[in-house]
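Taking it in order: structure first as structure tokens, then the write-up.
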Amino acid sequence: MSYGSIVKVPFGPQHPALKEPEHFLFEIDGEIIVNVKPRIGYNHRGIEKAFERRTYIQNIYLAERICGICSDAHTTCYTQAIEDLLGLDAPPRARYIRVIVAELERIHSHSLWLGIAVHEIGFDTFFMYLWRDREAVMDILELISGNRVHYAMNTIGGVRRDITPEIIPKIIRSLDFLEKRTKYYMKALRSERTVLKRTVDVGVLKPKDAVELCAVGPTLRASGVKNDVRGDDPYAAYDEIPFNIVTDDGCDVFSRMLVRCGEILESINMIRYALDHMPSGMLRVRMPMAVKPGEAVSRVEAPRGELIHYVKSNGSTRPERYKVRSPTLANIPALCRMFIGQHVADIPIILAGIDPCFACMDRLVFIDVKTNKRKSLDFESFSEMVRKQRNFRLA
Amino acid sequence: MAIIAEAIKWLLKHPVTIKYPFEREAPPKGFRGRPVWDMHRCIGCGLCSRICPSGAIEIIGRGQEAKIKHYVDRCLFCGQCSESCPRNAIKLMNDFEHARYNRDVMIYEYKRET
Amino acid sequence: MKTSKDLIAYNDLKRRIIDPGFCNLCGACESACPIHALKIENRRLNYTHNCADFMDFCSICYDICPFTEALLFETLGFVANAPNRAEGIGYYRRMLLAQAVDKKLRDLSHSGGVVTALLMHAIKTGFIDSAITSEREKETSIEIRPLLSLVPDDLLSTVDYEYFPSSVAMAFGKAVHEYGKTKIAFVGTPCHVRAIRKLEAWEHKIMNSLRIVIGLTCLWSFSLPELTRFLKERYGIEAGDILRIDMDGKYKVSLKNGKVAAISIPEIKAHTLSICRMCEDFTSELADISVGGAHPLKDWSTVIIRTEIGEEIFEEAVKADVIRTRKIEEEPNVYAHFVRMSFLKRKYATEEVERRKKHGEPVPPISIRLREFLPREINLLSSLKAEHIMTKNVITVTPETTLEGLLAIMTRYHHTGYPIVDDEGKLLGIVTFDDISKVLPSKRGGVLVREVAHSKIVTAHPDSSLMEIYEKMIQHKIGKIIIVDRKDHRKLLGIITKTDIMHVLKWPMKKLV
Amino acid sequence: MRREDRIVTKLREKLKEKIITINVPRERRIFIHIKPDALRESIKFLRDIGFRHISTITGVDTGDSIELIYHLALDGSIELSLKLKVQKDDHKVPTITDIIPGVVLYEREVHEMFGVNFEGHPDLSPLILPEGWPRNIYPLRKKYTLEHLRNSIFKEEDEK
């Protein structure tokens, strides 16, 4: 049914779906969305420019701060790119530890997303449950790395810390608990009417569109396309650890939920396998601080999908060019396609459906409170400002 | 019906949350907290200041006379300084409550006592 | 103003050690450098990037290089609390002969297999979690490379004796940085041991992981390319054919086809590393335990225990019946050979340093430092009198003692020179180790001390300053001076050795750079 | 014969003298440098042999020219980086949005950051940079250092 007149509804930058600023301009006909224009960049921090100013060691931590949730995926990708340039391989034990941390991160990210998704459809009990159980993963990660969010586990040439035999029983115990809970959640999701009504056949992305619009990660896999960097382009120890690529044919938000739940279970099994089969030996290879000229492309399956880093070095201690493409940006065209023909009320859950992380793709916008002027600053000029106030040198 | 059983089950259990300022959990072993300098071991090489990813460490002077300023508000708690220090002069402490109203009190200075 | 690039220690290291060719590729600088600017690749030390980008000021690589003067006396602090000291052996607690109980180990090694047995036992008991030794490269059997052993069986491939440079100190850094090991045993030649001790004196953080240092005796290391070329041109020996190399009076190259080529030491000496020709340390004087061969005994080793921790680990191994021991007194010939080699090395080194100085060739800073004192040390030595430090209870011999008897006394007390005193207590002369070694072992039973002793002796008085005595020693090229009464030149009061004077200079053990 | 080599052979047959260099640094990575006029042709060919997924477009400022790198993936496994150089003064490149629709945002991003004009792109309006960002300032070009950016942007704002 058409009302004949098209109304433009701005959605964001501050919007109910997520705690991150992003702007979408919806053109709606009655209750039906007919067109959508994304406008990203509210979180743009000029990180790619900042990469060129820092040494390779400092950039590990900068890469980690591209995103708060998939911090490990970004550092893995970064360190792999540099290792590729240096022509060295991380030792086997380090690669297993990378897998363990990456999969723990995936569990934590997916359960965080599931919580948000059910929160968007107003099912807050489920949200509380999920986030309570997510604490178990966070605690393991803190135990392994010393921090809940920014693990700083990876370094160029390996990992910084070992997973000692004392903490392995604790990890196994938490994994058992998580497995039990996740199975319960899958059962609950399938049987809960509230969830089914709000998510089945909502935000449909057909397999053909998904491939054409270059969607990645669980969004793509929920459209029935079997595509996973871990399996297709194995890095770390993924070529030695058996796992299934979880897909679903529903093409809607519900199947995206199921795919992520399935991936949590798959991750739990992978961590168990990795802990059992972890080889002994070196943790890291010491690397020179200067990198010889060259270029490398590194890919990692972040919790949200394919993450790609490109690095070009010029022989000095700082990279010449660093490019980051986070999975959320790749999913935006697909997201826009999903909106077409949907109801306005479903916008939050569809938007949340791709598990967007806008911090990953953007830049910092600053409002100077004193003059009330809006200023766009990248990270460097931000630090320059702080420096001016403080009058001290930033190395 | 299931929800009632579930609700009763959880009513009998302790709350999951901790009443934070009154109850505290100790951070696990190996926690990356605030770095602290042992100036008796520091040789003033300046590596921590140069390698810090966020520029939170400032070194004034060289060698034995060096003074370290650590800006906690800029610190990432990555532990790279402690890892790079050749003489183990930097240790990561367990404290994590660094929030203050004023930035000026978030600067820690370390000087060698003579 | 000097920029930070001029201040980095690498410039000095390059000028004084690397450029004159003194680097023996131990790799201590690679393990120590906090930013990994130095790297050993293809038997060369490479400077990979400008370290001034990262540091304002840093002196690690120069300080811990075993051939620089820095921290040299501080390192003595690790062994200086041992009860005994002797010329040519250094500070020690006990000296004995030992062998591994397991015959397999003895056969694998050149001699007693003590190091291997000791380390295997230590790993089994959990005292250490890894050991750094050297093993032969598979393809060219004489080239050796560092080996990090994590399980006892790995140690079976190690070689007890090293005649070629092996980057074991680099392997130590690897063990800490890359393997994350915390209880490491280190086995190396005197220069490696010195590098490790310097790192420890510097308080480098990787040294928190060090448990025990085992030193090997070492005459010289050979420059591998030069030696292989020499063997090929002169004797037609291919590097791949060599089965093993022994050194006992002659340099014996055993080939795979059963032949043995014996090459005289002066001939082979030309192909050693130039730094080794100026090295004065034969017994790894800074190690916790020193282990060396026991020529002419085939499957025993000479062991010198210097520190408490060395004593502890050795005793444990003896108790567990991994190692059996013998007293060194039973084998005077072993002792004589051992000390002779030590003196030989020192003699060659002194000659080489003097020759180089005369020709204006570069000399490593360590050799200069061992001969020249700092002003404050001179002050200290000038203010002390001989009576303050001299040994008063001197062990003396009578003129009628046979050389065999003298050797037995030497083996027991480990001193190398004894005043000769007649029945009335009159000083007649001095007999030293050199005098004995001039006589063939078979004839020693029939020769009396008075036939070989010097009657002309260098003496000093109790009130002479140490500096004076030291200068006298240098002048006469001797290691010990007898202190006699000012009035009665035949009345023996005490004895002072060069080691005693060095002991006075013992610096506080942990001193900052 | 490895899959990478087969693809390289196919590309050589198809594009011939349009290829400047081509190399396979390691498993599942191909770097190919082509002449600028062969872009559409090669993308079409690559899509037809299976490179349907485009990961991103990277721009690199190399001084006098801008290097565009199209990262394409074959069934997720082989990552092919197609490189071409665009002159800075005449920075025109044909769009490939009609061949691979998923590239639409990446082209806009490169347009904003490097000032490369994609001819035929449906919508090149600002995507990342804020409204009121001065024209002709492309932050990722090497010329625009922080000082330069700060001066040119804030001066304008201060004048207002």
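Each chain gets a letter, A, B, C and D, in the order it is written, and its residues are counted from 1.
Assume a residue touches a chain if its C-beta (ideal position, glycine included) is under 8 Å from a C-beta of that chain, and two chains touch if they have at least 3 such contacts.
Since this is a predicted model, take the numbers as computed values, not measurements.
Engineer: Please identify the chain with the largest separation between its CA centroid and the CA centroid of chain D.
Structural biologist: Relative to chain D, the chain whose C-alpha centre sits farthest away is C.
Engineer: When B-C is set beside A-D, which has more C-beta pairs in contact?
Structural biologist: Counting C-beta pairs in contact for B-C and A-D gives the edge to A-D.
Engineer: Where the centres are mean C-alpha positions, what is the separation of chain B from chain C, in Å?
Structural biologist: That gives a centre separation of 46 Å.
Engineer: CA centre of chain A versus CA centre of chain B: separation in Å?
Structural biologist: Roughly 26 Å separates the two chain centres.
Engineer: By residue number and range, which residues of chain B touch two or more other chains?
Structural biologist: Only 49-51 qualify.
Engineer: At which residue positions does chain D touch at least two other chains?
Structural biologist: Nothing qualifies.
Engineer: Can you tell me which residues of chain A touch two or more of the remaining chains?
Structural biologist: 55
Engineer: Which category does the touching pattern between chains fall into here: line, ring, star, complete, or other?
Structural biologist: Graph shape here is other: it fits none of the named patterns.
Engineer: Provide the full list of chain pairs in touch.
Structural biologist: A-B, A-C, A-D, B-C
Engineer: Tell me, which parts of chain C touch chain A in their complex?
Structural biologist: 35-37, 39, 48-49, 53-54, 150, 173-174, 177-180
Engineer: Give every residue of chain C touching chain B within the complex, in rising order.
Structural biologist: These residues of chain C touch chain B: 32, 34-35, 53-58, 60, 202-205, 208, 512-513.
Engineer: Chain B touches which residues of chain A in the complex?
Structural biologist: Where chain A meets chain B, its residues are 54-55, 57-62, 64-65, 132, 135, 139, 142-143, 145-147, 150, 152, 160-161, 383, 386-387, 390, 392-395.
Engineer: Spell out the residues on chain B that touch chain C in their complex, using ranges where they run on.
Structural biologist: 41, 43-47, 49-51, 59, 62-64, 84-88
Engineer: Please give the residue numbers of chain A that touch chain C in the complex, ascending.
Structural biologist: Touching chain C from chain A are residues 55, 91, 158, 162, 280-290, 317.
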